[in-house]
Structures are given as structure tokens and as C-alpha cells.
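Going in written order, the chains are labelled A, B, C, D, E and F, and every chain counts its residues from 1.
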Amino acid sequence: MAATFDITGIVQALHDARHSWRQTQRRNSEAGNREFPSRDALAAIIDSLKGVLFPMRLGPPDLRQESEDFHVAHALDAALHALLKQVRRELAYNAGLRGQGGRPVDEEALIAVRSLAAALPGIRALLDTDVMAAYQGDPAARSVDEVLLCYPGVLAMIHYRLAHQLYVLELPLLARIVSELAHSATGIDIHPGARIGAGFFIDHGTGVVIGETAVIGERVRVYQAVTLGAKRFPTDAEGNLQKGLPRHPVVEDDVVIYAGATILGRITLGKGAVIGGNVWLTHDVPAGGRIAQAESREGAFANSIGAS
Amino acid sequence: MAATFDITGIVQALHDARHSWRQTQRRNSEAGNREFPSRDALAAIIDSLKGVLFPMRLGPPDLRQESEDFHVAHALDAALHALLKQVRRELAYNAGLRGQGGRPVDEEALIAVRSLAAALPGIRALLDTDVMAAYQGDPAARSVDEVLLCYPGVLAMIHYRLAHQLYVLELPLLARIVSELAHSATGIDIHPGARIGAGFFIDHGTGVVIGETAVIGERVRVYQAVTLGAKRFPTDAEGNLQKGLPRHPVVEDDVVIYAGATILGRITLGKGAVIGGNVWLTHDVPAGGRIAQAESREGAFANSIGAS
Amino acid sequence: MAATFDITGIVQALHDARHSWRQTQRRNSEAGNREFPSRDALAAIIDSLKGVLFPMRLGPPDLRQESEDFHVAHALDAALHALLKQVRRELAYNAGLRGQGGRPVDEEALIAVRSLAAALPGIRALLDTDVMAAYQGDPAARSVDEVLLCYPGVLAMIHYRLAHQLYVLELPLLARIVSELAHSATGIDIHPGARIGAGFFIDHGTGVVIGETAVIGERVRVYQAVTLGAKRFPTDAEGNLQKGLPRHPVVEDDVVIYAGATILGRITLGKGAVIGGNVWLTHDVPAGGRIAQAESREGAFANSIGAS
Amino acid sequence: MAATFDITGIVQALHDARHSWRQTQRRNSEAGNREFPSRDALAAIIDSLKGVLFPMRLGPPDLRQESEDFHVAHALDAALHALLKQVRRELAYNAGLRGQGGRPVDEEALIAVRSLAAALPGIRALLDTDVMAAYQGDPAARSVDEVLLCYPGVLAMIHYRLAHQLYVLELPLLARIVSELAHSATGIDIHPGARIGAGFFIDHGTGVVIGETAVIGERVRVYQAVTLGAKRFPTDAEGNLQKGLPRHPVVEDDVVIYAGATILGRITLGKGAVIGGNVWLTHDVPAGGRIAQAESREGAFANSIGAS
Amino acid sequence: MAATFDITGIVQALHDARHSWRQTQRRNSEAGNREFPSRDALAAIIDSLKGVLFPMRLGPPDLRQESEDFHVAHALDAALHALLKQVRRELAYNAGLRGQGGRPVDEEALIAVRSLAAALPGIRALLDTDVMAAYQGDPAARSVDEVLLCYPGVLAMIHYRLAHQLYVLELPLLARIVSELAHSATGIDIHPGARIGAGFFIDHGTGVVIGETAVIGERVRVYQAVTLGAKRFPTDAEGNLQKGLPRHPVVEDDVVIYAGATILGRITLGKGAVIGGNVWLTHDVPAGGRIAQAESREGAFANSIGAS
Amino acid sequence: MAATFDITGIVQALHDARHSWRQTQRRNSEAGNREFPSRDALAAIIDSLKGVLFPMRLGPPDLRQESEDFHVAHALDAALHALLKQVRRELAYNAGLRGQGGRPVDEEALIAVRSLAAALPGIRALLDTDVMAAYQGDPAARSVDEVLLCYPGVLAMIHYRLAHQLYVLELPLLARIVSELAHSATGIDIHPGARIGAGFFIDHGTGVVIGETAVIGERVRVYQAVTLGAKRFPTDAEGNLQKGLPRHPVVEDDVVIYAGATILGRITLGKGAVIGGNVWLTHDVPAGGRIAQAESREGAFANSIGAS
């Protein structure tokens, strides 16, 4: 009986392709076995922490207020231990990347997760300001519950505020996975390194990108497809990319940025500035300043206008 | 044995954070216990209704045409009763928000779900026009089946047409959840309050936003990242946002709007108008009018052009 | 006992709506029973093939390097047989659309799946160049593992490179479903017909649209919301859309296109060209050319700047 | 790196073991690929048919009486089509065993499933008499619902009455699987070939065995660990087992058989006979007869009495 | 197209069968809609309570001792509320059977569940004696953990001790379902009404039956297939079965009953009595008494000895 | 708001009950945290090994013979690694019970799993003889496939032969769990320590018990409710149970034991002996001997014969 597929041959060719890649990467087999943090595990942990932060709305459907603390204690305990495992993976992975050394991974992991745990009440308080900002900023919002449960911008902020804490604790992989989970669900891409003040509201949100060194004040409002990006990537004398230099905008308190605006480079939007939709902006705007896109006008042109 | 985490302390701090929020919100415990409609339940209901509307393509994989009606009867009956539960939750929740009064929740819920049920055949007929519009509007489409099963714009329209019916029945929370489910899957954000005529086609779709009071005629075609938004939020004498005033565009029959166009305010795009890609538009366009973006030209500029 | 809902009546009305649609479509019942490829089945197949291509990172969590080949052989065998079923469905469906004839479906399906299988090692090698491009192109990337596991652009490329192979094998429905799965997860919409060279990197990605006849060279970099679209749809003498004509841009090696740029029509961007953010472009750009958007400036305008 | 396990070697040895077995069995590869009916599929089908027979008690938990027929139609249709697949497998398997020939498998399968379907209302009526017998026979039973939902003897009878129908339709494999499903759940082993009249009640049930040619009248009651077995297996002149000869007891109407009784051979228990617990019986009992075990008495014996 | 099955006809016949049964039962449609306690729900509740009683061994696999109380509080709270729902169903069902009246169902349910909750610590202490008895009674047992996790007799006792509490609280349906769950998994059938003292050990267990009014002392040991049954069902003057009269054995402390023994009627086995295997016993045994089965001897008999 | 349940109080009382038990057991918290092998994990491992042993019948439903080895390699590799984890748990647990010392757990575990792996081909060959024995021993069996898939006795033997290998490798906990899984599904309780020759057949099986030191030859046949037990437990001078002494029967080749027979103590049933149903036997039987139960006879007795 002739086999349907030449499995053996293809397996060998795939084996060779992996081998050749690993040689390029000077990667030994031990490195290959190093476990990477698991996206699915983190998704479950973040779901649990949502229920820890907002037990009556994002916790189990049957929860009663009298039992909130029981649920919170149980879910928190389980989530922190699950997170501990993932933190150990990232620390071991990073240690592998840079060669061993330094404080043992287990101890370091425990310190990190304890810090995150201690930060949770503060994160809840910050998220309450975000929820309130969405409620007040959208004429269609009927209640804070609706905002918490339906608004993609709020979902993105819950992920961001947890991811940012992981980033501060020097767990960039975990932070990235947490923010990508929100990116996939909402189309909102906030780098965990960005610093965002209280009362931040993103409406609609699809296509929003906020870069790693962006600094955002309090009560800022942003609409869909807004980019707070880098104008260029600074390089050193040898032409290598320089990491960590401030390269994204500073947005002061009470700024509003309408849909599709592109704000690039380490510029500053002064307190209360209003940036119009579709604007392209690479220079500072003073406090209270207003920037708008020139209006498009009717023109004579053939049937050459599409963009499908 | 020292505990790994100070669960008790963090639970208390989270308890205090919730308490302080609830005091701000003047929310008593009874309100906290009020059940909110469930996103998961609605997702399942909408999936069932898709199978009710298109049994051979979106129903169970093994269905045969001779058994369509059995499946439809069974699934419809189950979905309507499941929906009844969610409608009751929204009505009870709303009644809680505004203080009791008026027709009893159970009776009102039954009336609403019966209305939705009666509207389903009409919704099916409308969706058939949307499917046909996609089929005719995309040179790559090979069959209406392909369009129904693969096009994100069609998925968004199925959700929208059901959500709009819920909106009309004064169930804004349910409507919102249904439309957010499509928003998350497709990047297309249509407010359930918008009014959209037959034969509507959204190609690609990511980033499309259509506002609450938008009015769209028949055979309109829209591409990715198009915004039909509000230019400003009208306020009353005291500076409060005025709800429900018409503030989004009116788009007449046979209009085409290319990718990235931003159309703002209660303006009218006349029958057959064509709006070019990336256009920024806040004024009326006459019937048959054409608006295009000025072309970008090569310029001398340093390495400062990025937007990452 | 009066029934809660008039199920029988609504079922009949839905029956009539289907009947009337089918008459319009001149669709007999046999056609209705023709099975369409299953999105869920394809999602599972693609997940398996990801593990076949990158066993240690996208395969089962507990895999060890010593067992890679066992896993690859088993998963590959199962995935190819599962794919065979779906390929048969598409071929039978297509045969139904155009009337029978030609080589029997089973034989044709086997040839197609064997071709895809044989192409996998080459696809793996190409994806390695995409991963490396992302690693080198993003200053924030710490390791190739991180890139492979976290970057939506890489996910989109895995789907695209598999979908493109299906497209080449004249399985456009399967190809489309595979690419829509990535579109939904990432907001990146690459038509499987596009031709994309090695080392392609999409950063952030939400809103990217790449059309069917686009041709992209090596080491090209693209940011969020970039469109490589058609300017118009060519029609023949009778005004029918002409399919398959080249209508999307040609992008040569080493080009960079920043966020939000819209590039339309069969134009050519020469080797090493740099296209600025938000640019609107419908003409050729020479090798090394640079195109930028005019900067928005502060203007005096009323409170009419929003786009919500 | 040395492999943890010698997978390749063990795989080869297992391969050889299979090969050697298949040679013994003179089994070619085609036979090996012949599909056997699936136990899991039958378990699901039987669960569905339980809901078809008793929709309000064994159907979906939320069913309302007004919707019973919708559920029954839908579930029946799906279950019959699923059964059709399994019937085809048994018929094809059997055809393979005895060489092809006779009526085509598909046609035969359809006839069989139609027969089963037509028998369902009669099976329901018979099961009603079994439920009533349990209710009347057990002083502890409080309602017929309790009996239907809690009594293992009733579960065994539902499986038996369906399995018997399959047996009559010459589908012995399917019949066997259906009865083994009940055997595993209840410890009651009724051969599908047995013929059992209305109003049969098995109390407790663990260890009951009823053989293939047993014939049981109406209103018979049986307790745990009762065997209705064969005394010997008749052989023909060459010493081969003779199949199908009557070899199990005939139990007439209104007989009661207490726990642990062993009744062997083609004997007859006359109408209304009562057989005591632990009895060993291989001869006829007249109508109204009573058989009892001699009482055990206290004896002088060492500590050698156990049976652990 | 002729339908594959006459679904409509069979549905009608099944409808008629149900109708005719309901008429016999004088059951109105309201009664039919009365919800019965759910076996699946109870299975989940009992599983939770097992983890509440033995958190480190029967609770979640990752539990650590330091977090036991958090888990117990959370799981207990959830399980009790879930049980409350099922208790309400039984009380409402019972009220329906006997006509309304008496204390409202909700209040009564709350009292019952609170009683059960208060009894849990005592049940845990009793189960500890059962575990210890198994550990000491079986020479093969290596640790109490092994006993708790592997012995079917211990599983049966956990179910029994919970079911007995439900029985005492006059929730016979729930009690029965809980004990049938164990019966199906272990072949051990203990009526929840039986009264069983501390340190009870059942070895192997398949086929054990213990009746409703059995009374068992402390440190009793029982092997597989032992029946503690009724000799006859007492009837009153009109010949109706008299419920609740003591009709099963009294077994005093330290009795051992070997495999297959059948003990019938309200007899007493005195303290320390030993009953041999397969014994048939319907009279009292004094304290310290020993009863054994006569040995079977070799005999001349044809090939008529089987019991298959 | 008064709490529905006094969770805090009950949690404390349960805490106290656990504490008091642990004090009795002189169990420190470390011991409590020691992980026990997981029943669920073993169930999954055994299911995989079934597919490894019989890939076409007990492996994945879609397997084709040409791909058997790929499946076997993959499943074997995964199952052995999963088993390695469970073996480590047992060894660590046992080490905890007896105090540390001896060969390190990891090394010992690897040796054990390698031994089991090497034994698999031999186990497959033995199981083939069991399957054949069932096929030849039951006049109703139509094919070896039917026997393998439907007969509880064969299922019990697959578990037994694997469990026995674990027992021989001094992993008694794992062995016990594997055999209890079969006990629960079939009612057949074979101690993993028993030694059973080729071609063993158990018919019906419910209630069969085979003790730890039983020795069974080749081609032995056993029916339901047969016990091969110990007559007494030998004790040493101090009255402690002596472990490991031979205390169960020796059954030589070609013996048949009919239903319900109880065979106790270290007696020998000679080659070809036939033991009748319900027999009680504690002495040797010579080769070819036949033992039968005296027949029960009709007697005069009141209505006192039941055993319900």
C-alpha cells in the first residue's frame, strides 16, 4: 500500500530547516528547551485578576456581595501562584539569554509577584477613574456597569495597567503578552512601557497605538486610530538603534486627540490642547492650543479615487 | 510556616477600594447584586439566531435541507427563551437605575422578545440584500456562500441588524453588547442606533466607525477605516451634553466612501456621491459629487518621517 | 395554555424567506446541501501546522526537543488528512458552481495537499526570515522567541504564507478563510493572492490592507493602517468588472511605509523608497525616493474638530 | 543529548507485535481500516433518544412543555441521522466479515433506522409500564419522576429496550454497545437478545445477568445479583458450540426472584412463582411455586471464615 | 425530495404516547413543568464538598496548605448556594406532590442548607474514622492518603454521610441522587436512611446493598456483595405496604460480615459476631457468635454446572 | 445585611477538624503538601497507552494503518513523559513515608518508566491471547474487534496487565489507581499483585474479586461474582497482620470457575478443574476435579423469602 503522504520525507526536511535555523542562531538544544511564558496561562491569570479587581462585575456570574471577599481571597491566591510560575519562566528565560548570574530566579520571582499583588488595590483605584472618565466622556453611556462591561477602551486599560506593573517589575515578556491579548480583542495597542495618568478614556479604539516612552497626563481623551509614535529611531555612533531613549510624545493633562491623528516624536502637547482628527503632527503644541486638518474639497478627478 | 503571599492584607485593601468606590457611587449593596446581562449568554444567543436565519450555512454542520424547519423551530424556541432572561435583566437593571415603576418587567420583556421574533424574517430578507451587495461589489467574490461565511463586513451586518432591533425595542445594553461582539471580531464598530438601508457593503472593515444617529440609504458602499462621526457634542445652556440630537452624517442611496475617509457632523452626502480615501469632510456634498484627497508629493525631509 | 412565542408562525415566515431567496438564486436543494469548507476545521488545521512548523514554540507546551520529530510526524499526518477533507469540499463546491467535469475531485485534492505538504519546509525557511526581520526591525524586541510568540505581524505572516500556497493551488476559499482567521485576530488583512518576498515585517498592524495583485520585494517594512489598494476596478467594454488584472502596487526591496499611508493602483515604489505616515499616493516613486505628508498646523477654528 | 526513552525501538517492537497478530488473524490492511461503530457516538445518540422519549425529564434542563415537540423533532432528526452513520458502519463491517453481497449497505441502513424510529412510540409506552412497576414495587419510591431519574434498573431498561430493537434489526454490535453502556453505569448486564415483557422491575441491580435467549413475561420483579444463565453450551456432533439454541430460563408473568438467585438452563418458572435469595436452581418450578435457600446455622469453626 | 425519515409522524405518535401517560397520571401541564433536582448539579456540588472536607487531597490539584482556608471558604460558599437552588427544587416538587401549605419553600430551604453546613465538621470527623478503619483493616493499605484516594468503600461513605444528612433534613430525593452517584461509581448501594456508626469499612464493595432501616454500630467491617435486606414488606390490614417500619438488620459494634452474605429482616447481629461468606441468615446471632456456610463438596454431575 | 451562611464559622470548624486529624497522624505541614499521584492524570495516560497498544481500535477514530507508527511514537513519547511525572510523585511520596535515603527519585523514576516502556510489546502479545480467549469462549462473539471494544473483561485485563507491571516495578499506588479505574467501569476488582497467565477470560464480570497473591495459569475462564480471596489474614506473634504471605488460591491451567463461586485461601485448583456456580470452597481440588453446589429445592415457607 503506497502511503498517502510522504510524511517521513517532509519531517526530515522540516528537521533540516529547524537545524539550519538553530545553527544560524547559535542556539544549543538546552536553549530550545527553555520554557517560554504561556499565552494561554497568562490569559487565564488576567481573567482571574479581573474578577479579583471587580468581583461583582467581572467575577463569577453567581457571586453575591456577601461572598466577595471569599472569592477574592481564593482567586487571588490561585492567580498569584499561577503567575509565579510564569514569572519564573520569564526570569529563567532572560537569565538564559544573558548568561546566568545574579539573584536566584525563585527568590526574584517571589519578590516580583508580591510587588504586583501589593499594587492591585492601587490599580483598582486608578481603573475606577478610567471607568468614570468613560462614563462622563460618552453621552451614550448609561451607567458605570455598562462602561466596565462593554467598552473596549476600558478592557484595554485593565490590561495596560496590569501590564505596566509587570513592565516596571522588569518582566517585559509577560507585560507584552498581556497587552497583546487586549490588542487582539480590541485593536488597541498600548505598549506596557507607556506611562498613563488617571482618568484616561479611549473611545471606539480600533487602531490606537501608544508607544513605549509615551507619557500621558490625567483626564486625557483619545479616539480611534490615534498614533502616539516615534518620529525616528535614534542610533549611536556605530549606527545601532539606541534603546530606551524618550522618543514618543508627552501629552499633558486634559488633552483631547480626535480620530486618526498621528502624533510623532518627543514633542509635548500642552495642558488642555485639542488635536483634530486625521492631523499629522511632529512639533509641540502649547497649552490650550488647537490643531486641525485642512478640509478636503471637491475636485475634478477621474474615477481614480478608490482605495479598496 | 510563613505564607507565600499576604492574601488577607490584599483582600482587605481591595475590599476597602471597592467600598470607597461604592460610597462615591452612592451604591447600596442591593444595587451591587443586580444582575447585568451576560456577554457570554448573548454571544450564544446570537450564534443560535445566526443558525435560525441561515440554517444551512450558519447552523449545525450536519444539517440537511429537509430538516431545516425542525432545527429552526428548536433553536428559535431555545434562543428566544434564553433572550427573555437577558431582556429581563436589562429591564430590571434599568428599572433599578431610574427607580421602579411602569409596566412589570416580565410582561415588558415578553413583549420585547415577541417583537424581535416577529422581526426575524424581515431581518433575513435585509441581510440577503447585504450579502448580494458584497457579492456584487467585490470582484474577488465567487459565490454568495463565500460572502456569508468569510466576509467580516457581513458578520458585522448580521450583528448590527439584530442589535438595531434591540435598540429600537429600548434595550440599549443588549444592543451594545451584541455590537461589541462584532466589533471585537471584525474591528467594525457600528452603533446599534444607526439606521442603515438595504444592500450595505463594508469591505475589509477594520477601523470603520458609524455613529448613533447616522442615517444610511440603500446600496451604500464603505471601505476600511471610514468614520461617520460627530463634529461636536451639542451642550445645553448649563453645558451638559445633550443626548439624542442628530449629530452624525446622512448618507443617501448609492454613495461610495473609500478607505480612511472621515465624515463628521450632521451633513448630507447626496445620492451617488463618491468620497475619496483619507478625505476629511465636514460639509454637505451634492448628489453625484466627488471629493478627493490632495495627493502627497515627494519632499526634502530628514530621516524624520516615521510613525511607529 | 397559550404558547409563549408563535414559533410555528415565525418558522414558516423564515421558511418562506429562504425559499424566496433560493428562487432568486436559482438554487436547487442539492446545491443547498453541498458542504462548504468549515472555518472551525481550518482553524484547527492551521493551529496544527503552526506546531509542525515551529514545534518547540507553537507546538504542545510539554514538548522536548528530542521528541520533536515524533510530534511533527503525527501532527503533520493528522493535519494533512484533515486538510484533505476540506480541500475535497472546496473542489466539490467549485465543481458544483461551474458544473461537473475535469479530473475527479479526490485525485485533485490529493495532488493539492501533497503540494502543500512539500512546500512546508520552504515556508518555514521564509517565516524564519520574517521573524528575523521583526527582531531586527523593532528596538523593543528582546529575542526571536518573543517575536514569534507575541507579534501580531508574525501571526499574520504565518497565515498568509500558508494561505498563499492554498491560493496558488487554486483553493481560493480555503485561502480566504485562513487569511480571515488572522484578520480577525490581528486586524491585518492580507489577500492570499498577494506575492510577498522574504523578510517582511508589519509593526502593530491594525488596519493594514494588502490587495490581491500586490507584489512586495524583500526586506520591506510596513506599519499599522497602511493600505496597498486598487485605484479603480477596470471594466471591460460591457462595463463588467475585469478580474485578475494587476491593480495593486509593486513594492520593491527595502522599502519602508509608515503608518496610515494609502498607496493605490499599479504603481511602483522603487528599491529603498521611504513613504511617510498618512501619505496618499497614486503615482510611482523612484528608487530611494522619500514621500512625506505635509505637517498640520495650528489654526483658528471653532469647537468643531472632533471625530467621535 | 541522549534520548530519555528509546521510542524508536519500542515503536518497532509494537509494530512487529501488531504485524504478527494480523498475520495470525489473516487480516489484510483493508480490514484493519474498516471502521467499527463508535462507542462515544452511540452514547450520544442514546442520550438524545432518552430526551426524545422523555423530553421533560431526560431532555434539556430548560425545556418547557409547550416546546416539547420542537425539541423532539429536532433531536430525533439529528439522532436518527447520527445513528444512520453508525448502522452503516456495522453493516459494512459485517459485510466485510462475511464477504460482500446482498442488499447495498446504505439502503439496508436506512430501512433499519426507519424501523427503529417507527418503534419509538411503542418503546415509550413499554417503558412507562416499567417505570410504573418500579414505582409500585418499591415502598420507598415517592413519585414516578424520582423513579425515572434515580433508579439504575430503569436506566438499564431504557438501554435494553432500545438495544433489543437494534438486535431485532440484526445490528448485534450496536445492540451490544448500547447494553454495555448501561452495564458499566449500573452493573446490570442484560443481553439485547433477551425478550422481556411489560412492567419489568429490577431493584438495586448490581450483578444482575440476563442471557441472550431468556424469555420474561409481564410484571416480573428481580433483585440484585440474580443470574438467568445457561447451564451448558450445547455442541454439535463435531463439538462446536451451537449458536442460537434456547439455553436460558423462561420466566412467566408475575414471578419474583430475590437477590443472588442463580437460575440456569432452559427451565420454566411458572406464573407467579417466587424464588428466594441465593437459590441455585436448574429445574422447572410450577406456577405459584416457591423455592428457598436453606438457612445457614451457627457452627464451630476456627477463624477461617473470611472471603476478602 | 422525499424526506429521509417521517419525523412529523413519529413526533406526533410520541406526543400521543406522552399525552396518554399524562392522562393516566392525572398530571396537568403545570406539574410537568415543575423542575426536578438536577443530577449533574448535585454531582458538581458533592465534588465541591469533597474538596471542602478534604482540601489537600480532594480539592484542586495545586492547593497549598497555607491557602486551604481561602479555598474552603470560597468553595463552601459557592457549593451551599448551589445546593440551596436544588433544595428549593425538591421542596417545591414535594409541595406540588402533596398540595401547597406549610412554611414557604425559600425559608425552609435556607434552614436545611444551614443545617447541612453546620454538620460538615462533624461529618469530616466521622469520615476520618472511616478512613482510619480502612487503613487498619486492609493489610495492603500503605497510607491514609492512599485509602482516601483509591478505595471505593471510602468514596461510598463520603456520599453516604452527606446523603444521610440530607435524608435527616427530609430531602429524600437529593439524598437518593447523591447515593446513586456513588452506587454507579462503586457498585455499593447504601440507602441514605441507614444509620451507620464511626469506623465503618467496606472492602472491594461491588454488590453491597444496605437497606433503609438498617442500623450499624461502630467499627463494623463488610465485604463485597453483602446484603443487609428486608425479609418481607409488612402490609397493613388493607394489604398496603407499610412504610418506615424497621425491616432491616441491626448490626452491633465490631461485627465482621464476609463476602456474599445475605442478612435479612429486623434481626440483630450481636457485638463482635462474625458472619461467614455466602451465608444466608434470617435469625439473630448472639454477641461473639460465628456463622459459616457449609463447604461445597465434589460431586458426580454431568457437564451441567455452568452459570454463564 | 446578614450573611446567608456563616461561612467564617464553618471554615474555622473545618480547619480545627483538619488540625486535630493531622495531630493524630503526627503529620507536619510539609507532608501535607507532598503531592499524591493524580487519578485524572493516570486515567489519561492509560487511555493513551491503550491507543499505543491497539492503535487502530483504541487510538484516535480517524487513524489509518499507514500512519500507525507516527501516532504510536507521538502518543508513546507523551504518555511516558506524563507517566514519569506521576512515578516521581509516588517515589517522592513513598520516600516521605519511610524517610529519605536511597537512589535519587528522578533517576529511579526514569529507570521504572523505561522498564514499563520496554514491557509494552510483551503486554500487547499477552492481551492478544486474552482477546482470543474471549472470542473463543463466548458463543455470542462475532469478531475479535467486537471483543476488544465491547467486553468489560477485556478492559479489565488491559488495566490489570499495565497495573501489574507497575506493581512489579514497586509502584503500588499507581498500580492501585490503574486497577481502581477499571473496577469502577466494570465492577471487576483484580489486585495488581495477582499473577495471571495468558488467555484469561472473564465473562460478564460484575463482582469478580481476585486477591493480591492469587496465581492463575493459562486459558483460565471465570464468570461474574467469582471471588479468589483469602481465608484468614495470618498474624505474627504480636498479632500484627503479616504482609505478603501467599494467602489466595493457585488456579492451574484450563480451569473454569462459574458465576458466584467463592474460592478462599492458599488452595490449589488442579489443571482443568471445573468449579460450579455459587460454590463455597476452601480446600484443594485435584486436576480435572468438578465441584458443584447442591440444588435448592422447593420448601414450605411463609412469605419470608425476600432479600431486597
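Quick note on the criterion: a contact is a pair of C-beta atoms (placed from the backbone, for glycine too) under 8 Å apart; a residue touches a chain by one contact, two chains touch by 3 or more.
Computed from a predicted model, the values in this text were never measured in an experiment.
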Using mean Cα positions as chain centres, tell me which chain lies farthest from chain B. F
Return the chain whose centre of C-alpha atoms lies at maximal distance from the corresponding centre of chain D. A
Chain centres from averaged Cα atoms put chain A and chain F apart, in whole Å, by 53
In whole angstrom, what separates the CA-based centres of chain C and chain E? 59
Averaging over Cα atoms per chain, report the distance between chain D and chain E in Å. 24
Touching two or more other chains in chain C are residues 1, 4, 7, 29, 64-65, 67, 70, 73, 77, 81, 187, 204, 206-207, 225, 227, 229, 233, 259-260, 262, 264, 277-278, 282, 293-294, 305-308
Per the touch rule, the chain E residues reaching chain D in their complex are 4-8, 10-11, 13-18, 20-21, 24-25, 29, 32-33, 35-36, 38-39, 93-94, 97, 172-173, 176-177, 180, 183-184, 187, 189, 191, 203-204, 206-207, 209, 212, 223, 225, 227, 229, 233, 241-243, 256, 258-260, 262, 264, 274, 276-283, 285, 289-294, 303-308
Interface with chain B, chain E side, in the complex: residues 1, 3-4, 7, 64-67, 70
Chain C contacts chain F in the complex at 60, 62, 64, 67, 70-71, 73-75, 77-78, 81-82
In the complex, go through chain A and note every residue touching chain B. 52-53, 55-57, 61, 64-65, 68-69, 72-73, 76-77, 80-81, 84, 110, 113-114, 117-118, 120-121, 124-125, 128, 139-140, 142-146, 149-152, 185-187, 204, 206-207, 211, 224-225, 227, 229-233, 259-260, 262, 264-265, 277-278, 282, 293-299, 301, 305-308
